[in-house]
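Both complexes below contain subunit A, partnered by subunit B and then by subunit C.
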Partner chain A sequence: MYVAVKGGERAIDAAHDWLARERRGAPELAEIGNDQIAGQLKLATDRVMAEGSLYDRDLAALAIRQARGDLIEAIFLIRAYRTTLPRFGHSVPVETAAMACIRRISATFKDAPGGQILGPTFDYTHRLIDFALLAEGAVPPPRDPETMPHVTGFLGRDGLIEAADPDDTEPGDLTRTPLSLPADRALRLQALARADEGFILSLAYSTQRGYGRTHAFVGELRIGLVTVEMEIPELGLSIALGEVELTECETVNQFLGSKTEPAQFTRGYGLVLGQSERKAIAMSLVDRALRWKELGEDFTGAPAQDEEFVLSHCDNIQATGFLEHIKLPHYVDFQSELELIRRIRAEALKQGTADTTEPEDRA
Partner chain B sequence: MTDEQKAERAAWMGLLARSQPSELARLMPALPPHDTIRAPEIGTTMIRGRAGATGAAFNLGEMTVTRCAVRLASGVEGHGYVQGRDKDHARNAALIDALMQGPEAVALRAAVLAPLQASATARARARAGEAAATKVEFFTMVRGE
Partner chain C sequence: MTDQAYNFAYLDEDTKRMIRRAILKGVAIPGYQVPFASREMPMPYGWGTGGVQVTAACLTPEDTLKVIDQGADDTTNAVSIRRFFQRTADVAVTEHTRDATLIQTRHRIPEEPLTEDQIMVFQVPIPEPLRFLEPRETETRKMHELSDYGLMHVKLYEDIAKNGHIATAYDYPVMVEEHYVMSPSPIPRFDNPKLDRSPALMLFGAGREQRIYALPPYTKVRSLDFEDHPFEASKADHACDLCGAEDSYLDEVIVDDAGGRMFVCSDTDHCAGRRAAGHVGRLGAGTEDVK
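Take a look at the complex of A and B:
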């Protein structure tokens, strides 16, 4: 059985026309440009890049405009577009130690070599609506970029933190192979990097409140540009073909040691496309919570420790697709349920036992 | 090609890739006749990171890349791989790559590569200056002294 529809095409066309007019807003006002969105709503643009899992600021801005500011809809547009593109290759792992930082802070070392750079942060602002956004201030004199070594490196020299030795095993790729569990850390990090910021934030917060506590310090948080280098096999060359802005968070976590390992700190790691320190910090907390098995910790049943729960529910495009599909016609499904419940009720009424079990079920 | 020549070519290809498309377009010389081997094509590169910055590699997310290949009448091939979706940018990068392998290299280095390098350095220094202006120092204060 199926349900046909009449006049659907005309109705859909009319809906799309109306949508276009709504998107444009009042015609007497100037239309917003992609460059204005990318430049003045940069953090919204960066979120769409991060969760759309595609670094292209102009495209993210266009998606936000098309989606009328609905960021999840914009992320959907980016993900859909990405699937139409060929993949030319993959980069050499980015060198975040060589990042040209615009922000770099440590909550564990006040004297981190290279210094602490506040950058364009909301921290220390009063968080009051500013009804008269001031004109830009004077531009400071240019100077040469400084290199800033990772602060976890200092702990590493003394063996106070677990090693993170280079490993060039080909990492799994969620965009090529559907997620299978158990996932390794590489796959988890990919999933978390493109996961919904709100979901990851809440999970990270839950670990701080005791659901899978990991005692995290922000060893270092940095935002800046890194060079993206890719091997071009047909030329036998490796080219630094782009620069991307990334946010990186390294947490330093408590660890008591085991029979085979002396006590040392452990690591949580967050790396996100664009500027989003909330997401990067949250990602590093969730990454650390998910590492309980390899670090020999107990599974306390906390949601943030549950790999299947986290990885299966962190993607807002999957989530929104399944959630919103229930608004689509389910006439046939519902018709069968309706017939079933009518039949059950009719049989029960016939036997005169209609309500005898109901109160117990409620209790 | 020697390793040194390869490194030199990789350096100019990278500089062309990371340049502002409009700036490169402005600096382009008069073009000799050429064939297109591969028309500009938009695709992606998967950006990789490392767990804990130094550990196992993982896939972070993709970036858009446009590539193009051209051949000059002399038979020299030029390749452009540039960030973003600007097809003219990829073609211009491929053309300069081809010309840089010929007798025009010295002139092009001064007329195209040097200004692009200067702009890139200026952008990096401007950002570093902004960052340095927000640097803070922490002092440990001991109570009762």
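Take a look at the complex of A and C:
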């Protein structure tokens, strides 16, 4: 006797148990700790904070552990938790010029006040598997962070780069207001800062290969801590809430002028929570590509220039949800298609039979 | 027992108020897609986050909730959503259509006629009926503003010219009060007539796409068609093998390696109710499998 898809409840419970066992791994091995993840898998933790839009390293580490190392799943846990957090207010804009830098490089000037600091970078490592890591190694002492001026400021003095004047317009917030198009640059930057690193990386790469070329140089890339301050109206002053680590990238883009703008360098901007220079550089390239209208450039049809395309598809939680939902039951829709295809086929086959008998009929 | 760590029905009251405002606007403009600031929910987009947010905004402690997916109460996702509201809102739940005050559904409308005392909440993946004809939201919003539905009529016409039929079996577009073309969500077109002048309030939530829309009670809903090719609500040409119903939507189930099939009601509550009342289908052996 057929039993109609009963047992959904039992199936779910069993799946959850199984998942818990798999997450724990072999019980004879020590369980990995949150502090170990936050400390030793810092870049994974940073990605979860950045795309989860929540600066909480411990929570990000816990999410990674719960998600068994699936970073998009961890980002999803953080986003869902973020929904339940009340919003008390917003900070004043962080001052990245006052950043305590652990890394600061410029690809446009050999040297600049403050100098170049390579910091903790993979850039000049040889990607050789380090079998010595299997054993414990000695750790060199840390270096103190430094503050230094923005490199693009030096170009600004001569008017060679477009002005980036302060703007007190309150920026929109994608997480509180539904996206409406066209979006302004602040809203685009918010979307890009939360966006999937892989998607932004590929879009930025496509601009380098000619799909919306922007001729970008990394004017400056810096990583470090900035102070977050908030204005307290009752006190009439702003107080420091704490520090967050940020990665900031400013690109300098060749620009020969357009119908509306003179020849000068233009800017692309990337700012990401935590340490993620791949994301910050990619973000600044995509930001620049999306600015074509404002700078009077032509729309070449490149995906990276297409605001609606980029903003509608850059969020990995939306993307992965909708992509994976097709594994949910679709019996009803499939049944209705089956029935339609059968009907159309039956008529076509009947028609086919009629066609082949026609000549005989005539004869 | 309610999970005390969260507000009633998970969302905070400000968020629920924001959603209720969108619902009220949707009710005031039947078939119009109202943008709303959809939140990230603890289930993935595509699992019914829009429906869950609408349900959360409508639920009161006195409500009795029914959740179905593919017409059935015990498909895994229906179980999961029902448990979510049991955990966060501690509301009464039921599998009986007539006992429910609020029904959240994915892909079906129950067979039993609904009443004025009920709210239906639909989970919607793509709220824009014109999306696959025009991918840009900026364009489709303009088309709705101008009631410019020529593209849709051409598509339906081309279907008929090519196949002899309108090749849309589910999510079949409807015209609401002769104004907005609306997606009924991916229900089979068999269910479309149930939308027309329904006594129950129908609410549609699309979380990922950040849209809510509504059909207030007794709204005129017409499935798009042509005079010479009238709309047809179709289903498999069988009766239910368990309860013998000839007028309910059927699931086709492959029962053996030889490709043997049976057809059963997709609405499990409807089927169980009929069997309890003594109806027996081709393969139904009485009431032994009725809970």
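Quick notes on this structure:
Please note the rule applied: the second predicted complex is superposed on the first by the 325 of 363 C-alpha atoms of A that agree within 3 Å, B and C clash if a C-alpha of one lies under 4 Å from a C-alpha of the other, contacts with A are read in each partner's own complex, and residues count from 1 in each chain.
In the analysis below, a residue touches a chain if its C-beta (ideal position, glycine included) is under 8 Å from a C-beta of that chain, and two chains touch if they have at least 3 such contacts.
Keep in mind it's a predicted model, so treat the numbers as computed, not measured.
In the superposition on chain A, A:Ala61 makes contact with neither subunit B nor subunit C. Contacts of A:Leu328 after superposition: subunit C is touched, whereas subunit B is not reached. When the two structures are aligned on the shared chain, A:Leu338 is found in touch with subunit C, with no touch to subunit B.
When subunit A is checked against subunit B and against subunit C, the one touching more of its residues turns out to be B. Judged by the touch definition given at the top, the superposed model places A:Ala282 against neither subunit B nor subunit C. When the two structures are aligned on the shared chain, A:Glu248 is found in touch with subunit B, with no touch to subunit C. By the touch criterion defined above, A:Leu41 lies against neither subunit B nor subunit C after alignment on the C-alpha atoms of chain A. Within the superposed three-chain model, A:Gly89 lies in touch with subunit B and out of touch with subunit C [touch as defined at top].
When both complexes are overlaid on chain A, the residue A:Gln318 reaches subunit C alone and has no touch with subunit B. Of the two partner chains, subunit B is the only one touched by A:Leu118; subunit C is not. Judged by the document's definition of touching, subunit A residues 82, 86, 175 lie at the interface with subunit B and also at the interface with subunit C. Of all the residues in subunit B, the ones that touch subunit A in their complex are 1, 6, 9-10, 13-14, 17-18, 41-65, 67, 79, 81-85, 122, 124-138, 140. For subunit C in complex with subunit A, the touching residues are 6-7, 10-12, 15, 35-42, 44-47, 49, 69-72, 74-80, 106-108, 125, 136-138, 163-165, 167, 169-171, 186-190, 208, 210, 234-236, 241-242, 249-253, 255, 262, 264, 266, 268, 271, 283, 285, 288-289.
Put simply, subunit A touches subunit B in their complex at residues 49-50, 53-56, 58-59, 82, 85-94, 96-97, 100-103, 110-111, 115-121, 139-146, 150, 152, 164-175, 185-187, 189-190, 193-194, 225, 227-230, 232, 234-244, 246, 248, 250, 267, 269, 271, 273. Across the complex, subunit C is touched by residues 1-9, 11-12, 76, 79-80, 82-84, 86, 175-182, 308, 312, 317-318, 320-326, 328-333, 335-340, 343-344, 347 of subunit A.
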